[in-house]
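Dropping the structures in below, format is structure tokens.
Next, two complexes with chain A in common: one pairs it with chain B, the other with chain C.
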Partner chain A sequence: MRGSQCVAALLRPARPWPRRGVWSLSRRVAHHSRRCLNSAPSSSRHVHNAKVPRTPTWQPVHETLLPPVIHVSPDLVDKLERLALVDFRNQEGVECLEKAIRFADQLHVVNTEFVEPMDSVLEDSSLYLREDTVHEGQCAEDVLQLAKNTLEEYFVAPPGNIPLPKREERSAMLKNSEF
Partner chain B sequence: MAAASAGFICNVNVPKPVVIKLFSLNHVIKRRLSTSVTRCQSHCPQMVGVVGLEVHAQINSTSKLFSGSQVSFSSPPNSRVSYFDASLPGTLPVLNRRCVEAAVMTGLALNCTINMKSLFDRKHYFYADMPAGYQITQQRLPIAVSGLLIYSHLGGPKRNQVISKSIRIKQIQLEQDSGKSLHDEHQSQTLIDLNRAGVGLMELVMEPDMSCGEEAAAAVRELQLILQALGTCQGNMSEGQLRVDANVSVHRPGEPLGVRTEVKNINSIRHLARAIDHEIQRQMELLEQGGVVQNETRAFDQKTGLTIPMRDKEGLQDYRFMPEPNLPPLLLYVSGRVPAGLDPSQVVLVDRVKALLPELPGVRRERLVEEYGILPEHSYTLVNEDGLADYFETVVKATKAEPRKVIGWVVKELLSNLNQQNLKVNQSLVAARALAELLDLLETGHVSSTAAKVVFQELWKNPEKGAEKIIQEQNLGLMSDAATLQIICQKVVESHPEEVDIPKNVIVLNKLMGQVQKETKGRADPVQVRAILQELTSS
Partner chain C sequence: TQAGITALRAAEPLKGLGWPGNPVSVALREGRVSATDLCRKCLQRIRETHYLNAYISVTEELAMQQAEEAELRLLRGEPRGILDGVPFSVKDNFCTQGVETTCASLMLKGYTPPFNATVVQKLLDQGAVLLGKTNLDEFAMGSGSTDSSFGPVRNPWSEAVTGGRSSMELGSDWAIAGGSSGGSAAAVASLSCYLSLGSDTGGSTRNPGALCGVVALKPTYGVLSRHGLIPLVNSMDVPGILTRRVCDAAIVLDILRGPDERDSTTVPSPALDCALTEELDLTRITVGIPQEYHAPGLSPETARQWERVAAALAAAGARVREVSLPHTQHSIVCYHVLCCSEVASNMARFDGLEYGHRSSVETSTDALYAATRHEGFNDVVRRRILAGNYFLLKQNYERYFVKAQQVRRLIADDFSRVFCSGVDVLLTPTTLCDAPTYTHFTQEDNRTRSTQEDVFTQPVNMAGLPAVSVPVALSARGLPISLQLIGSKMQDKKLLSVAHWLEQQVDFPQICFRGDDEARERTQGV
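The block that comes next holds the complex of A and B.
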């Protein structure tokens, strides 16, 4: 395929590049891919997939149609970090989240009146009911073997109730660890 | 990835009790509540308590809710754990039919509306005894809603009036239980046993319709009786089969509800009443002193009878509910409206379950009153004690004595003996048949009622001897020979000349009768003695 040939060419230069003028990697890739695309239609037997439209069919949604912008406050960031044990790390991470929310806001344009929300694609399948018999268990060894720390057939966990360090402490910790 | 971000930050929110430290109570006003009398007392006449209960009842099934491992109370740690219970990747939940039937039956018994379509959700929080990080529950659309728990308790000045009350039940939902954690403070670690993880629970959410500990205790007792009668839960609070958390607040009637606190760690009905009463008292005192009630979780310490704050939650808990993607909606059917092609083993018919409902405690109480003509408070006692109603019915069927007489013996003599030695009805030393025999002898006039009581106590000590034998041995037979009685009565009257002066005085007569009975060791026929004495004293 054309694509892989381009990449292979990139890795093994066909002819020695001039020493003066170092080309950056990104420019090399752009250069090659342009060459690949331009050369494709004339000499390929590649049939365009009918399921893929030739021109984009979507229009970007105008700002006025969207609900007001949601800003993620530092308190909310804190709360999310605590609830989901995620780490936003820095402002860029938060901005990424805000952009993702803005992107999802486009769903508000769709009219869902009189439409029942769908939980999952399984909602029309029947729920299997199992008879009340015992056919599992009695495998303490199996279940315990993956645990790092066990004590006499019990799993060992740190004591409950370790709160996340407060925000000031956390940012201090991050400062030290930031690369 | 920067591994130095404090290594692994293990954050655990506290939805349940963990470390309970007993603080020094010097600064706390220790006011012991009288536990023998748990009456609804308002500390401050205007304020009243508002109590709502959250009950978790462990479903009495052989296997767990979503997996095929066994439900058992005490087994070697982690021996009843399947791969799904341990939340190993690649495992999926498979719903247990028996649990669905149990929830439907409980809903019907509590007058709920059964939702023919109910949905499962995930409730997320982190805790070591819940390896998945979420609990499968039914928050949006539970299996049963809008019910009513009707309970009665003995009230009134003499505590012999049966007062009927009711609590609205908001919803009943199926959910998973979590494992058990044992805290080892010395080594600063927690030991986790997942045997209980995944066992089916019915969560009954009730509206805050109660106002004191006594009502709550009576309601939970009634719920226990109902669940035991249905067979859906064994209702043993000490074994954790029935767990109750109380939401307590105080306010003045007419004003909006006050801030509520949640009281946990209650493991018996008596403690429930104590804990609630203490918490109401505490809140009232706090408000009187100008303080503010915090929205927190408090643990009940049974040794001191006080509620102690647990490490408070950091703000309100957010469980991030989301639909359970691995379980389609649960559909229930009614006979005659089942779509074609469905396997019968996949169909739960609500009307069939309704037909299988046994006699509920409330109905039984009424039936006992109607059928046997006993007083409502006696009927209440019969149903309240395990097995007492059955005992009573056995005796009534085996004896010629009237139920009204039998009930006296059962509720007074038998029950007091049992209570003295802390025995259950099925451990009674006098079997139902033996009591029936004794009552027959009483009916036919072989023994007086006073003597019969003595015989009963003898039977209790020597259950292998029959009533007749004891009567013979101890010569407790009824003394009805007129001549003998006349002589004894004469003797008594003569030895109490000052009493006889007042003619036809009932009190005097009773006193003389008492003397005669003392002489005859309770064997004298009371009817005859009374007649003879009346004759003697009136002349």
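The block that comes next holds the complex of A and C.
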């Protein structure tokens, strides 16, 4: 019991203002708090706990430990835009990728020799497998309604098997297309 | 049942709802408040706090209809469950049948799903009343709720007058809500709903919960179904729970948990019933203080709260001991690579053909895809997709993606080692400092901010562990400071028991807006 009172006292007075209409209670709590703090080994303005570190325990990875900087070439920009089917929009977008790569390069200071890659936190659990039978269906209409362009029971797409135009032409195409 | 009595203790009265200290669910069942009145008051609160931009859509008509149905059931004495008639909100990346679901992106503007996410359906099955969909960073990518196509979310504490101090020394600036579930956190903090669903991939529920001063729970991976949660990083995403009280989070978790045939990654989990009504014997609890969680940039105020709570736990009889999670520093880097890679894959589904936005460029299928994605995604989303595609290139796959998966195992192993050594919970800060101002926060880009803000939260997602953020004090600026408790896998109940104890000790102040006092006085005793 005494323990829990002390705990309350340790925590509550830190509020820089009293609750409305509970001045007297606050004072009483503050009194308890003094008693508790005095009995604590290190009493000063706030309660210490030696287990909590007082200063940062690590520093960011230093640049000199990283592999050489990777510059993203115009060819790579083109390749990524074709693969991702999104555009960098401007030079700032490219610089942003370079920064993202630089940030990721910090991985290389970690020794991962003989470490198995982890792709799921459920790797040791047996997961439920349902019977391979249809439980739902008959919702083609609901699903088709969500599309902008359909014909009978088909989604309608423009002509396929045409590669994206070259970069300059592509920029022009996208420039005119805003939401 | 006992759980019903502690349900949703609405100690913080909704404006005009004069029952401080009474559980709202009990008040509903005893007829002291009607479900329609409660719903109306919440909707009124949403209108009054419109400037927070917490909601993307408010389903006023539907909510009133659900409230009327709940009221009839309650009058007949046949409530569907503890939450019958209780208003809630949902982050706008959970599918809701017949209600627009946007992910705060132009890509999904106007998208109305034909089904409910499992977690949403479970709340509706309980009779809970859906008020609306809450704001977020586009596709949940961010840590500020500043990158939404519907505009940024404001932190309610920025507008509060708690303790007679007004809105800090911010001038015309305001504090951010944190993210990406900033709308959900702001909605619960501003008392416009009793609970909100968020999502947590690298801290997206705990971060805004911490900055907005509400309880924010990220359960063990696999306990809650992800079916209907529009995916960001499948191997880390979990639905999150934001409430005013720890016991509320426990009740909601108990309702939502369980295997789902529609999500093959769900697993059975132990029941939580009456989890928090038993007295917790702290002398049987060992609390670990991970030394690496004093990271560069941790604010002195937050560090002080961390120390104070550690001291309080020790004073109450808990064993508090130093532990080491040596790979903590590398976790955020690993997260960055895995997140971008999974995003690159997940975002491939948005092509304009089947649902969502479709560009008018029709010269070829690829041109349609490229133009649709150009128009629909913001810079943040596009940049993550491009970085992910880079990490997944044939020549980079081993060097970045597989390397990150290896580091992920080291991080998960760090946690396992500590929990196997007899530690029950870990105590850490949730964020480096209290909520920054909008002007300050937006001086750096989204990627930089996420790597700073998620430093304490994402390691847990790597390992699939449960964690909860609990507000413990207000900073000198009058903004919440919160601490995080981390549990071992499937120990959500133990985690919440310690969080419940902590919450009772710290007595975090109640938010109060201008005008609330008069309204409360008018209705008290009625």
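Operating definition for what follows: the second predicted complex is superposed on the first by the 110 of 179 C-alpha atoms of A that agree within 3 Å, B and C clash if a C-alpha of one lies under 4 Å from a C-alpha of the other, contacts with A are read in each partner's own complex, and residues count from 1 in each chain.
Basically, a contact is a pair of C-beta atoms (placed from the backbone, for glycine too) under 8 Å apart; a residue touches a chain by one contact, two chains touch by 3 or more.
Fair warning: this is a prediction, and the values are worked out from it, not measured in the lab.
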Which of chain B and chain C A:F155 touches, first, second, both or neither: both
Which superposed partner A:V110 touches (first chain B, second chain C, both, neither): second
Comparison of chain B and chain C by chain A residues contacted: C
Which of chain B and chain C A:L66 touches, first, second, both or neither: neither
Partner chain(s) touched by A:V86 [first = chain B, second = chain C, both, neither]: second
First (chain B), second (chain C), both or neither touched by A:L122: both
Partner chain in contact with A:C139 - chain B first, chain C second, else both or neither: both
Chain B versus chain C as contact partner of A:K99, first or second or both or neither: second
Partner chain(s) touched by A:P56 [first = chain B, second = chain C, both, neither]: second
On chain A, positions contacted by chain B and by chain C: 83-85, 87, 119-120, 122, 125, 127-130, 135, 139, 142-143, 146, 155, 157-160, 162-165, 170, 173-174, 177-179
Touching residues (chain side chain A, partner chain C) in the complex: 3-4, 6-8, 10-12, 14-19, 36, 40, 46-49, 51-61, 76, 80-81, 83-89, 93, 96-97, 99-101, 103-104, 106-110, 112, 115-122, 125, 127-130, 135, 139, 142-143, 145-149, 155, 157-160, 162-165, 170, 173-174, 177-179
Complex contacts: residues of chain B adjacent to chain A: 2, 4-6, 9-14, 18-19, 61-63, 67-70, 76-84, 86, 88, 94-100, 119, 124, 126-128, 181-185, 188-194, 311, 314-315, 318, 320, 323, 325-331, 342, 345-346, 348
Sites on chain A touched by chain B in the complex: 79, 82-85, 87, 119-120, 122-140, 142-144, 146, 151-165, 170, 173-174, 176-179
Chain A-facing residues of chain C, complex: 106, 111-112, 114, 163-165, 221-222, 235, 259, 261, 264-267, 289, 291-292, 294-298, 303-312, 314-317, 320-322, 327-330, 333-334, 336-337, 340, 344, 348, 351-371, 373-377, 379, 382-383, 385-391, 393, 400, 402-410, 412, 445, 447, 451, 462-464, 472-474, 476, 489, 505-507, 509
